[in-house]
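Next come two complexes, and both contain chain A; in the first it sits with chain B, in the second with chain C.
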Partner chain A sequence: MTTLPVGDFLALASGLVAISIFGILTRRNFILLLIALEIGMNAAILSFVYFAAFPQCVTAATCHPLTGQAIAVVVIGLAATEVAVGLAIVLALHRIRGTTNVAEANSLHL
Partner chain B sequence: MLASLFGWAFLVPLLPALAFIVIGLFGPRLRRLEYGGWIAVGAAFVSMVLAVLIALGEMASPDTYTSLSYTWLSLPANPTFPYGFSLVIGTLVDPLSSLMLIVVTVVGFLVLLYSIGYMHHEHGLPRYYAELSLFLTAMIGLVLSNNLLEFFLFWELVGVCSYFLIGFFYEKPSAASAAKEAFLITRIGDILFLLGIFIFFYVYASDGPAGLHWASSGFLFAYGNVPFLAGSLGANTPLLTIAGLCILAGAAGKSAQFPLHVWLPDAMEGPTTVSALIHAATMVAAGVYLLAMTSIFLGFTPTDQLAIVAIGGFTTLFAATMAVVNTDIKRVIAYSTISQLGYMVLAVGAGFAMVGLYHLFTHAFFKALLFLAAGSVIHAIGTQDLFKMGGLKRHLRVTGAAFAIGGLALAGIPPFAGFWSKDDILSSVYSVTGSHPDYWPFLLMAMAAVFLTGYYIFRVWFLTFSGDRTRDPTLPTPHEGPWVMQVPLIILSGFAIGAGLLIFIPGFANLFLLPGGVTALGIPPTYGTTDILLSALGVALGGGGILTAWALWGNGRIFRLPEESVWNSARTVLVNRYYFKVAYDAVGARAVYSVARAADFVDQFVIDGTVRGIEQLFSRISDRMRRIQSGVVSDYAAYVVGGLLAVFVLLLLAGPYLVNRIGGG
Partner chain C sequence: MRDLHQCLSEGVPVLGDSHVSLTELAFFALAVIAVATGLLALLVRELVHTILWIGIFFVDLSAIYFLLEAPFLGVLQLGVYAGAVTILLLFGIMVTRKRIFSRDAATGVGALPIALAVVTFVFLIGALGQLPGAAVPAASYSVASLSTLLFNAEAPYLLLLGLVMLSALAGAIYLVREGRE
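Up next, the complex of A and B:
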């Protein structure tokens, strides 16, 4: 196992989160918004993976290398589920409003 | 034997009260009974018979004071009233009240009878007869009341009935306004009257004959045959002076004395019969009656007496000057009433309460006669403007004669009624000017008014009845009214001729006895040398007034003042009633109204403004906050990101502290 500096990894993860936030806040297309969301989730998963590779041994659970990996797998599944739901929403929105512009869906009564 | 009737005195006001209820409930259905008119006349007739019988009983057994009371409130002793406090309602039959009973019931009956004919063509007759019956009830109750508070109660009721009756033609704005004005101005007097009553109650909380205390006995006027508070007065204490002035204010309001006189001429908006009953014979006499009762049973301090004499004397001349130029037949008679009431007030103030009431007695008859005669003229010709009348004595003989008799009585020409009483007042007041030299100016004012009285009343007679002026051709041909209108005129003319002479009958003079059987000063009038000279002077002044009126207005002459003369500007001042109404309007409408408007401004902009401001504040806050829910998903995401950042910053700042607390490395 090589030891990469924590700072670099966290910088990568932060960069991805920043990109994700930027995308969520500014993208008008719903699908691009979901992609940005996905990038953010991937940043989180990456962080979990890193800390699984270089465990910080504070408590017994954090010393075990599988903790981070387990969480990463669960979150990948979670992300996939969430994207599925998001795509369903997009399809429904497109059916009713005829657009995928996020700003168009501004009312509960579509 | 008749004295046994005294216990039934409460029936006298009760019968018109029943008439009021019956007419009020069933009036509109009684078309054949003149919509309740004959019921009212019947009740008034029975009351009159009963009242005359009571008066005859009082004349036969003079100095009998029968007081029946029912105590309706009784409180135990307390610091202000050391022997307790009770309120009673009851009747007092004494010479004074019997005298007033005659006046009220006789004039009331005659006026009601006259109304049958006069008001025949009007609308709202049940209301009219009901209100008149209620008025009669209240006035009789006032006269028969045996304690000060009950007096005040009926006083107020009389004022209310006056409001109703002045505003009888309520669709006319001027009538409604006149009714309101009358009520408000008498109200000012009433409030001060009530204050005076309270001061008297407070001062005499424990006074009275041994064992009987005024407060715990119910503030009665008389105890047996003597006043309850005999001999307590005379001291010029400030509190009693104020109380007396307050009573004077109440009387001035009700009797239209200066400065509360402005409502009476405007009250002529009511029907003429109402003016005859209320504003000539009875209600306005209540003020004088109050002054007489207070002077006999409670007493006035010397300062108060001077004030009363001043107001009375001044008003006599003041009102007479305004009567001289007026062009409305009823308003001239109204000013005449104010002026004659001034005479009565003058007499009571000088200490001659019974002489004042003697004049009240005669005045009631001839003033009612004048008003009813004027009503007959109005009924015949349809206008009240003096300059549209003329030459009516050919068509209205009975009315013309009646008005002339009333005018002669008013001007004080012997042997008509007014001469005896007015002369008695003048010589009585003259007789005390030695010890009260400050009464002189007011006596002189009263004498000057005698000349003006003769002048103005005969100016009216000549303008109305004599001459051959062409009248307004659109007015109907005048003719006399029906018998129900002529009979009261004839009866009242008889009284106007003979009422003054009644005083010389010893039995009748018993009605003027003071408590304890004391003969009142000036009753019956005595005629020493100075008295005869004064009488001659009075007759000369009155006759001079009549001759002046004949010279200026008789035989169809019309007297016009030259345009530029100083008299014309004086005349303008008089016609405008010395601008009193303008002044009162300025005070009331401008000054008081400005205060009201300022208060309204504070209420609307300061208080309501604060409330509305708070509402606006919350409204705007919520408006802004509502925009958080924009519906745009990106915004929500932004809020989430913002929250996240806040949490990061917090953790950054609080990190070391939390690590220390949670422990571990």
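Up next, the complex of A and C:
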């Protein structure tokens, strides 16, 4: 039986969150910002999928073993929605300001 | 020369007596690729190269889901992320740039973002790494039981997701509509 230790997965997920925060703080291009957000979302999805296979959850009477995977499906859908809305904002910003630099998007009044 | 069967059941010997299973070895390789491609996606200067690296990142994570015996999520990751999201981002770049292969202006990487990222990483590892146990991926949970859970009337996951997507669609159309100043 193969087991995957919790530390390894949490190290990967934490690393991805750290990369995501680094990207959000340093990049100025709106599309790169969206990509950094996606990396962070993927860390969350990875954690949900990992803990769905956790024996403490599988044996608990109140917990369905596939709840983690079901939530992961919802989060993947939400991430795709977020990219669609984000790209709509990028297109509106590009049409009105002629740039995709978030530093120049300094007004809510388009 | 070790028998492949023996390797699969007992793992690969490393450093004397300790064994690392092939699943763990595969996970380590995939994890290194994930971190490397994630960093490269944010650090390369050409936006089109960013899209290539993030595509590899999504495919790599889908391989990790297959490793965790979650084949439906692996396929969903390939279809939605590696397929749709990557192409959508590429489309966004093509629409908003005059020349597709043009470099971004260099942005200085200050010490503060790196410090914040490192602090977050250390905090998360310190807080969560204490959890005992290890996951045991089991193939016994089929796609059929997952769909039973997803389309359950008591926990309408997909219904809520559909409502969110519908309102997001309306919001996106409102944002890019014609006839505004």
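Rule of thumb we're sticking to: the second predicted complex is superposed on the first by the 100 of 110 C-alpha atoms of A that agree within 3 Å, B and C clash if a C-alpha of one lies under 4 Å from a C-alpha of the other, contacts with A are read in each partner's own complex, and residues count from 1 in each chain.
Here, contacts are C-beta pairs under 8 Å (C-beta built on N, C-alpha and C of every residue); 3 or more make two chains touch, one makes a residue touch a chain.
Here the structure is a predicted model, which means the values were calculated and not measured.
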Open item on the list: Under the superposition described at the top, does placing chain B and chain C together on chain A give a clash or a fit?
Closed with: fit
Task: More chain A residues in contact - chain B or chain C - done: C
Open item on the list: One more residue to check, A:Ala105. First (chain B), second (chain C), both or neither?
Closed with: first
- [ ] Could you look at A:Thr26 and tell me whether it touches chain B, chain C, both or neither (first, second, both, neither)?
- [x] both
Task: Smallest separation of CA atoms, chain C relative to chain B, angstrom - done: 6
TODO: Take the contacts of chain A with chain B and those with chain C, and give the residues found in both.
DONE: 21, 25-27, 58
Task: chain C - residues contacting chain A, complex - done: 21-24, 27-28, 31, 34-35, 38-39, 41-42, 47, 50, 54, 57-58, 61, 64-65, 67-70, 72-73, 76-77, 80-81, 84-85, 88-89, 91-93, 95-96, 104-105, 107, 109-110, 112-114, 116-118, 120-121, 124-125, 128-129, 131-138, 141, 145-146, 149-150, 155, 157-158, 160-161, 164-165, 168-169, 171-173, 175-176, 180
Open item on the list: Which residues of chain A touch chain C once you look at their complex with the stated criterion?
Closed with: 1-19, 21-23, 25-29, 31-32, 34-36, 38-39, 42, 45-46, 49-56, 58, 64-67, 69-74, 76-85, 87-92, 94-95, 100, 110
Task: Of chain B, residues touching chain A in the complex - done: 630-634, 637-638, 641, 664-665
Open item on the list: Could you list, by residue number, the parts of chain A that touch chain B in their complex?
Closed with: 21, 24-27, 33, 58-59, 102-103, 105-108
